[in-house]
Each structure stands twice: as C-alpha cells, then as structure tokens.
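What follows is chain A paired twice: with chain B in the first complex and chain C in the second.
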Partner chain A sequence: MTRIARRPLTPWLLIVPSFALALFVIGYPLYNIVFQSVHEVSRFGLIRGFCGLDNFRKVFADPIFMASLWRTLWWTLGVVGGTVLVAVPVALILNQDFYGRGVARVIVMLPWSVSLTMTAIVWRWAFNDEYGMVNVTLQRMGLIAAPVHWLATSTLAFPVEILVGILVSVPFTVTIFLGGLSSVPVDIYEAARIDGASGWQQFRKLTLPLLRPFINMAIVLNVIYVFNSFPIIWVMTQGGPSNGTHILVTYLYEQGFRLGKPGEAAAVSLVMLVMLFAITALYLRIQPREGGEA
Partner chain B sequence: MSIDRRKLRRSLVCWAALAPLVVIVLFPFAVMFFTAVKPADEVFVYPARWLPSTFRWANFSDMWVATRFGVALENSLIVSLGSMLLAIAVSVPAAYALARFPFRGKGAYRQFLLVTQMLSPILLVIGLFRMAAMIHWHGSNMVDKHISVIVAYAAFNVAFAVWMLSSYFATIPRDLEESAWLEGCGRARAIVKVFLPLAVPAMVVTAIFTFINGWNEFAVVYTLIRSDANKTLTVQITDLVAGRYTVEWHQVMAATLLATLPVSVLFAWLQRYLVKGLALGAVK
Partner chain C sequence: MKVCLTQRLTKVAVALTAVGLAGFLAPAAQADTVRVTVAYYSDQTEPYFKQMAAAFEKANPGDAIQIEMVNWDTLQQKLQTDIAGGSNADLAIIGTRWLLDFVKDDMAEPLDGYMNPAFKNRFIGAFLAPGQISGKTYGLPIAASARALYYNKTTLTKAGFPEGPKTWDDVVAASRKIKAAGGYGFGLQGKEIETDIYWYYSLWTNGGDVVGKNGKSAFASPAGIKAATLYKSMIDQGLTQPGVTNYSREDVQNLFKQGRVSMVISAPFLAKQIKKEAPTLKYGIAPVPMGTSRATYAVTDSMVMFKNSKVKATAWKFLDYLFTKGPRVAFTSNEGFLPTTKEEAAAPQFADADTKAFVNLLPSARFAPTVTGWEDTAKAVSDAMQSVYLGKAKPADALKAASLIADKALGQ
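Let's turn to the complex of A and B:
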C-alpha cells in the first residue's frame, strides 16, 4: 500500500488519455450545439447572429415536433416495456439447465450482432406489400386473405417498428438478467421448495425481488438507448408516410441535414438532452448506493 | 450413458417456450439468404415464394461489382480496426487504474463515463459535423475523412471498454503482482511480466466488441462521410435502398448477408464473455 500512497498521481495519469478523448469528442459538440441553438444559422452553417430562444420557439410551434415528442414517448414505452416483458421469461428459461441451452443462448443473442441498419433494411424488405416474406408466410398459413400494406400507413408502420425495436433490444436485456440470475444463490430455492412454495410463489417472492435491481438497470439503460435509436425508423420509413412515424431523433436529423435548419436541430438536441438527464437523475436515485469503492 | 428423462422433458418445455422467439430471430436471416440466392426475375413475382427455383450463387459476385462492395468493405475495416485500436489504447490504462488504485475522483470518473454513455452520437451529430468542418486537416477539413469517424467511435466506446476491462481486471488476483514486487520487480515491469499476459483475453474480447460496434454504427458515419469512395458498408447498403424507385433486393440482401454473417459468427462465439463481463461490472 505504501507504494500506492507515494504515487497519488499515477491513477490520474492512467485515466487522462481516455478522459481527454471522451471530453474532446463529446464536450466540444455539446458546447457547439448550445451555441447553435441560440443563434440563427444558415443552411450552410453560417452563424447569422444571436437570436435568443427563437429556435426553441419555432420548434415548439411546429406541430410535427409536438407529434414526434409524443410519439417518442410511445416508442420508448412500447419498446422498453415490451422488451422487459419478453426478456424476463426468456432469461428465466435460459437460466434453466436443459439440452441445447448453449445453442438457444446464441440464437437469442443473434440480433445484437447485426447492425440496426441492416436489421431495418431486411425487415423493410420482409414487410414489402406484394413480395415480402411476412405477407407470403401469413398468407400461406391462412392468417390473412390479401397482402397487408404494412409500411404504407403510419398506424401500421409505427407498431411494426416498435416490434422490430423490441426484437433488437431483447438480447442486451436478457444478458443483464442472466447476470442477475447467476448471482442468485441456488439454496434459497431448495429451502423454498422444502417449505412447499409453488413455482409461481418462488417467482413472485424470490426471483422477482432479487431481479428487481437488474430490471431497474435494464429499464433505464434501455430507455436511454431506445430514446436515441435512429436507424430503425430512419431506414424503414424515414419518418413517413406524411411524417407519421417521426420520433425526435429522426425529426432532428431531418431538420439538420435534409431541411437545412441546423439551429432548430440543435434546439431539438438540447430538449432531448434535458429529457435524458431527467431520466438519468431518476436512475441514480433508484440505483442502490454503491458499496465500498474498491 | 443414460439420458436424464426429467432433463429431457424440461428441455422440450424450454425449447417449446422459446420457439416463437427463435422463429422471429431466425426469420430475417432466412429472408436474407433466400432472397440473396434468387434469380433476379424471381424476386418480383406475385404470388411470391420462399424458395428459389435454382440457387443463383452468381448473385454474390454480381453484387460485389454492382454495389462496389469491396471499397465499402475496406472502409469498414479501416474505420472499425482504427477505432478499436484507439479505444483499447486509451481504455486499458484507465481500466487498470479503476481496478487497482483507490483514488480521489474515482466515483466522479465513473459518473463521467455514464454521462458519455448517455450522450449518444445521434444527439451530438449536429455538433460533431460542425467540429469536423472547423478542424483544419491537410489543407482541408475533417469532413469525409476516416480519421474523424475513427476518433468519434473510439470516444463513444471508451465507457463500454473501460467498464468491461475494469470488471475483468478486478478478477485478476493482485497478489501475483505484489509478489513480483517483493522479488524486486518494479511496478511497471510487474505489469508487463505478470499482469498483461493474464489480461490479454479480456483485452481481446473487449477489442472485438468495440470492433463490432464500429462495424455496425450508422449515424456518425452517415453524417461525416460524404463521398462514395469513403463510405462504409452500413451507409453504402442503406444508399442502395433509401429514396430509390427500384431496389435490386436480391443484391441488397446478398450485400447485407455478406456484411452481417462474419460479424454474427464472431459474436456468437464470444457472447458468453459479454454476459460474464457485463454481469461482473453490474455486480460490482
């Protein structure tokens, strides 16, 4: 220990490169976004002058923004809620001892390995009206009589996108839950069984409470990821048809890089950041106090 | 050798319960494969069919030329390998510090990493683009340069890499290094001789995951890279689909399959380390 005490600088020197890199790449753009959000910025990025909160006013006056804001809420709730509902039973199953468990784990994890962009491209093709394999398969099984126009209206396209969002979020969430389940001691289940607790009672009274911190963590991390998720909606519908599937990130990208309104896009970024900080503040409150900082 | 009857029954129940998810997970892979091997004139026939009349493997070589797959593949490799090396180079020392030293500001540094995880690239993309446009680089600026994408990816991977690495490093017994000191080995030498050899597996696994992250990323490279010659696979393939009247779906699916499969195999092989690493990090 004396060696460590003599060199209090060493850990700081070890941390500096990563800290500098992250601060540089994340700090400057953050400052720049704040700067652009209170300035009038031309299509080509020229700063025309200070304009106070005009950009924010314009954004909040845009009905598409307000619709996207609400839709982001549904998107996040839908994907995160659906993911947790699917991932808890899947993790419980994968935690059992059964033949082929290794293969099952690999299959469940697969969507994580594929780029969201590629997943979105494949599903966009699979949901094609006449030639897509979803309609073909459903027709063969006799579940639908005629091809469904999945992506032609936002009322269908948006739920479809939520389902794809759930599919790609399940592996990460299952991973967290498996980590949680592996830290649960086995003998308490044996004790419960001896006391005559049913499977459902064991789940309600033992597994769920032990899993709760991991469920909380999975919810918050997923909320952050899903809230920021760009490729699925951008590739499948580009926010259309008639702006009916925009969420805040796709709206932001369209404002900034398609409609040439960087100032307003920066304002949207900041609004989203404030929302994210609120979520994280909540996370830090529900997270149990960390024990000794080893 | 007798098969455990109870375990067999449990296996059937487990697989039956997982079946719907397994089907949905494998569905896109089947779509990719069967579309990729269809002759072009069978892709758009109504009613559509799953199976092609003949497996047309030449689709892959046609696609390679038509989509300029080779260039995009090379760009993806440059960007992913570059960001992997940079991210690991800065994260290993930081993770070592977190795993081995008690120091003031450790909690604050962890919080900082959490915040960087939260600020996803897409939120900062407006500012990132401005930054790249402002920095002078070889008589021009950093827009449309691989190096800017590499630096950005590395920065956004630091939190993940430090988390994974430090949780693995913490499982490497400290006594080994300490006994090396007692034998007159300096701290730096002890790290090189004793610690690093044991840490190599964790570093390799983490490196591969940062590689996969770079390989799969979309928003940053979509924004920062402008010219066809510098586009990576995700952007190149998206451009084949986005805003087009006619999409050559058999070629697109051949391209997505080729871009996806190697990474999926790599990931399938390594996913158990991810489960372990994230779990260790979470428990700590």
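Let's turn to the complex of A and C:
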C-alpha cells in the first residue's frame, strides 16, 4: 500500500489499459460518425466527398426532422415521467411484507425479460383493429361499440406507444427503487409514528427524500434509454402514419437505411448526442445538491 | 465429480479447438472461395442455395461457395457495413432499384464481357432490362414478380362478378354489394412498405405516371387526383376495410385469407400462402382493374458481381450455373416467383392457371425506374396518401406537396 502511495504514477499506469480500450471503443465510432456527417456518403457507405455542414443544413431544413425533435422531447417526458409516477407506488407496495410478494415481484419484472422488439410486436397485434385483444376486450365489456383504430392515426398511436414505453420501463425503475427502499432504515418510521406522523407525511418527509438519489438516477438512466429507444415506435408504426409518430431515432434509421442517406443520418445522431448531453447536464444542474449525503 | 467434470470440459475444449482449426484451415486448401450474400425470401431459400453450392462444388472440385443469408429488412444495412468495411462478398442479391447507386459508386462489375449471345438469350427480355444501365448489364434477374387482383370467388359471384371485376367501376359496384352483405369489399393497404405502389395501381390504370419523361415527378396530375379521389371515396363509403392506415401489406393479405376483404392486389406468392394457410378459400386472379388503360407493377431482384472481387471467373461460373434451367425452375417454383428465363417458363411447373394469369399481365407491366430519388419519392407519395386516406389533406394539395419533395430528390 505505502509503495503505491509514494509513487503516484503506478495507479495511472494501472488504469491506462482499460482507459485506452474505452477510448478506442468510444472514440473510433465517434470519429467515424463525425467524419460521415461532414461528407457526402453514398447509399452503400462509400465516401463521395467533403461537404462541410451540408448534411446538418439539410436535416435542419426538413420539417419532419423538426417535428420529430419536438416529439422526441414529448416522448421522453411522457415515458420517463409516467414510469416514475407508476414505479414509486409499485415499489412501495412490493417493499411491503405480504403473502405472495415474490410472485407479485416476478410479475412486475416479467416484461423486462422479454426483448423490447418482441413486446412491441405483441402490442402491435394487441392493438390490431379487427382481431386485436384490446378492441375485442373493450367490445366484450361494452365500453366501445365499434373497433377503435388505435394505430391508424398518430393522435391515438403516439399515446399508445408512450403507454407501451412506460410498461417496459417500469421493471427496471422499480428495481432501482426497491434497492433504494431496502437501504432506508425501518426505525425512523417507528419514530415518526410515535411522533404522530400520518402515512402521507411519512412518505413526503421520509421516504421521498431518502429515495431522492435513486429517483435521480432512475430519471437520468431512463432519459438516456428512452430518448434512444427505437423498437417500440419502429415496430408499431414505423414513424407513420404521415410521419406523425417519428422520434429522432426512427427518423435517423429511416434516413440511413431506408432513404439511403448515411451522411444525414450521422448528422442526426450527432444532434441527438448533443441533446442528450444537454438534457442530462441540465437535469443534474437543476437538482439541488444533496446535503450531508456522505 | 468435480474433477470428472473438469476433465470432460477439457476434452470438449480440445475437441472444439480441433474442429475450429479444421474449419479454419479447410477453405485455405481450396483454390477459390466465392462468397455469396443472398436474401431470405422464405424458409426454402437457404436450403436451396446450400444445395446449389454443394452441386457446384461437386462439379468444380477445388472451388468453394460460401452462402451468407440475410433478411430482406437488414440486407441494405449489411451491404452498407460490408462495403464500407471492404469485406463485401463476391456476389450479392440486391433490390434492382439499388443498382444505380452500385454503378454510381463503381462497385458493380459489368457482366457483358462474360455473357455470350446465347447466355443473354436465356432471359425474358423484359426482366433483363431493369438490370441494364446505360447499355451495360450489371444485374441478372434472380427473382421476379408482378401484381394482380386476387378476388374471393364466393363473395364476388354473389355480387355478380364471378370472373372478378374488370374495371374500377366494377370494383366499386361489387364492394357496395359485399358491404350490404356485411363484408369489406376492396382491401386497401395504407401503411409501411409499398403503400405508394398500392396507389400507383390506380394511378397507372387511370393513365398517369410516377416519373415523367423529363425525369421529374408526374404523379400530381389529373390522373393522380382521380386515382387518389377514387380510393378516398371508397374509404368514405365504407367499401374498404376501416382504418386503412393501420394496414400493412401483410395485414391486408391476412384479411383476404380470412375472407373478410374480398379483393386485394398482390404478388404470386399470395397464392402459395393461401394454399397453405387457407386451403378452403376459393379465389380467382384477375388483372389489376382498368380505368382508362391496363397496367400492373413488376419488380425484379438482381444478382450482382462486385468489382473488387478477386475470384470473378469462378463467381461467374457459379452465376452461369444458377441461371441454367434446373436451378432456375427449383428456385422460382420454391419461392412462388415468376420465371425469368425462357426455358424455365416452358417448364410444366409454371403451366398452372395462377402463374399463367400473372405471366399474361407482363406486357403491360411497369418496373420501378432506375432513377436516383425513387425511395424519397416512394416515401413522399406514401405520406401524401396517408394524409389523403385520413382526410387530413385534399388529394390535389397532398400530391402537389409530395411532388415538390420528390422533385428535390429525383435525378440528384
């Protein structure tokens, strides 16, 4: 121990290999994307020539891109906000000791074990007009008279996709919250009860503040996942009808692999990277610093 | 127990290493290895190409054929990554509409030097033409299909059209009767790939065109407005399935198989699917309904040779083999495509009424033109049609807007 402390170079040398690997793994694709974004690239990935910021200009001049950009913010806000709102009570319930808790936990976690694409395909079928489970159930229950065309218009399809997004994000978020709740000492609740605090007060004054760092982590991680989440929207509507459900990542895919414009797709991905950085930094900044967390 | 397991694991590891090494060394001993990227058409595709490779290797000792199978959806992505990384195969199946980009980037080998007149003469001319760009042949038609109207014989007979509708007016009249009897008449595709094509059927048969002779978009025309208005009015009268923008090509075909829509325009493979999945369904195949003229859509996929291939001679030998009668008949009948060579067309496998119905339509078939910007045009038109179907835009306005977008991309 003391030898290492005397020679401060050693720790650096020890992390160099992994640092170099990380730099290569992150740096090389990033370099490639930046390179592509300032070049004219053919459909099959050949560089045709330098074009400066043309790709960015073209992308920003596209009204579909601007609409997708705003929709991405709504998508992220909707899914992450909804997920946290659902996950907090679910985690609180699953943290209680009750008969069958293990089974309940498994059921909540199950959607996590299915791949996102599969979940999306299942929901695409479930929302089918003619034979989808959702319409059939609603009709049998007498809630609707005729089949609702869920995915035929973007006004219905996009909220449906947000709901599916929430469903698949809940398990991960609940896991984080359960971990957080298990670190909350039980005796403070006892003390609070003796002092006459109501259940709501206990939640507001004890649980929520102590859960705060975990909520923050869940929000930041979910923002990153959801912002970049591709399968749900692509599988269910491919950004349609009439481009009404495109978010940036589906727009990017369409540019790159459907319309054969890898250069513009690279530009979009850089814009997304900058946005993610900005959102995350902004969020961490507006969070009040935790006092006495040490 | 533990020792035993470790020992066994070691044995397995040694065996695996030996197998791996053998696999690694074996191809090196061969003279030429030709890598072929093929698209997944059905579960028949891979066994077929494996069989062809084995037969070829047997006839040409020393040479090896390596088949790489990719899904259609990811084919473009795979080619893109392979080409950018310089690790592309020697031969590949591509959508013929991509050929222009291949030629522009100087990646495709012109095949005219390898072809003698006899080889060229094997093909049905209409199918070879799309693979030719400025007088040179770059792609050979490995797969071809055309479109026709499938109709439900039971419901259409009741509606008074036992031979299927001849014109769009017939389609409307028949759909009205079918609607009154509680079904959906005309299946209209409104989302995902080929939403544009589904509208072109109506555009072409009403005398319109997608791209004009000047290379600019031509669909925002009176014929275009007529075609779009026809579909929209059918939606409004409830003559199609409701919520058309929620129906992809497969979704509409499924409704047809279930007997819920009575007419759908599709390719030969639907007949194969019906025989397998809905054997009791009585269907007929008729030409795409007429407006003022007759038209259908035809499409080919091409086999190309890469310019950077180091084994061109062997690759060509394999191509030559694939386009002889036996392999062609097997491929085309397996997959439910149309014959692209003359010998193949004469084979008894294609003498059935279904194939004949499609082949008869070929004289009036339109191919996707080999122009840049076709994909952008397809997207602009699909978006425009969706907003028309949803009632968000009037046909004339939607088409005008789409034509502006298409003109920016066409010929660029």
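Operating definition for what follows: the second predicted complex is superposed on the first by the 252 of 294 C-alpha atoms of A that agree within 3 Å, B and C clash if a C-alpha of one lies under 4 Å from a C-alpha of the other, contacts with A are read in each partner's own complex, and residues count from 1 in each chain.
As a working rule, a residue touches a chain if its C-beta (ideal position, glycine included) is under 8 Å from a C-beta of that chain, and two chains touch if they have at least 3 such contacts.
None of the values given here were measured: they were computed from a predicted structure.
After superposition on chain A, the partners chain B and chain C collide with one another. When the shared chain is aligned, chain B comes close enough to touch A:22, but chain C does not. Contacts of A:67 after superposition on the shared chain: neither chain B nor chain C is touched.
Contacts of A:100 after superposition on the shared chain: chain B is touched, whereas chain C is not.
Residue contacts after overlaying the shared chain place A:262 against chain B and chain C alike. Of the two partner chains placed by the overlay, neither chain B nor chain C lies in contact with A:138.
Of the two partner chains, neither chain B nor chain C is touched by A:51. Between chain B and chain C, the partner in contact with more residues of chain A is B. After overlaying the two complexes on the shared chain, residue contacts for A:252 are found with chain B alone; chain C is out of touch.
In the superposition on chain A, no contact is made by A:275 with either chain B or chain C.
Once chain A of one complex is fitted onto chain A of the other, the partner contacts of A:192 are absent, as it touches neither chain B nor chain C. Looking at chain A, you'll find residues 45, 128, 130, 238, 257, 262 touch chain B in one structure and chain C in the other. Of all residues in chain B, those touching chain A in their complex are 7-8, 10-11, 14-15, 17-18, 21-22, 24-32, 34-35, 43-50, 86, 89-91, 93-94, 96-97, 100-107, 109, 112-120, 122-131, 133, 151-152, 154-156, 158-159, 162, 170, 181, 187, 212, 215-219, 223, 234, 237-238, 241-243, 249, 252-253, 256, 259-260, 263-264, 266-268, 271-272, 274-276, 278-280, 282-284.
Within the complex formed with chain C, the residues of chain A that make contact are 42-46, 48, 128-130, 147, 149-153, 237-238, 240-243, 254, 257-260, 262. Here chain C touches chain A in the complex through residues 76-77, 79-81, 83-84, 98, 101-102, 104-105, 107, 190-192, 241-246, 251, 255, 260, 375-376, 379, 382-383, 386-387, 389-390, 392, going by the rule given at the top. On the side of chain A, the complex with chain B involves touching residues 3-4, 8, 10-12, 14-15, 17-19, 21-22, 24-26, 28-33, 36, 45, 86, 89-90, 93, 96-101, 104-119, 121-126, 128, 130-133, 135-137, 139, 167, 170, 175-176, 178-180, 182-183, 214, 217, 224-225, 228, 230-231, 235, 238, 249, 252-253, 256-257, 262, 265-266, 269, 272-273, 276-277, 280, 290, 293-294.
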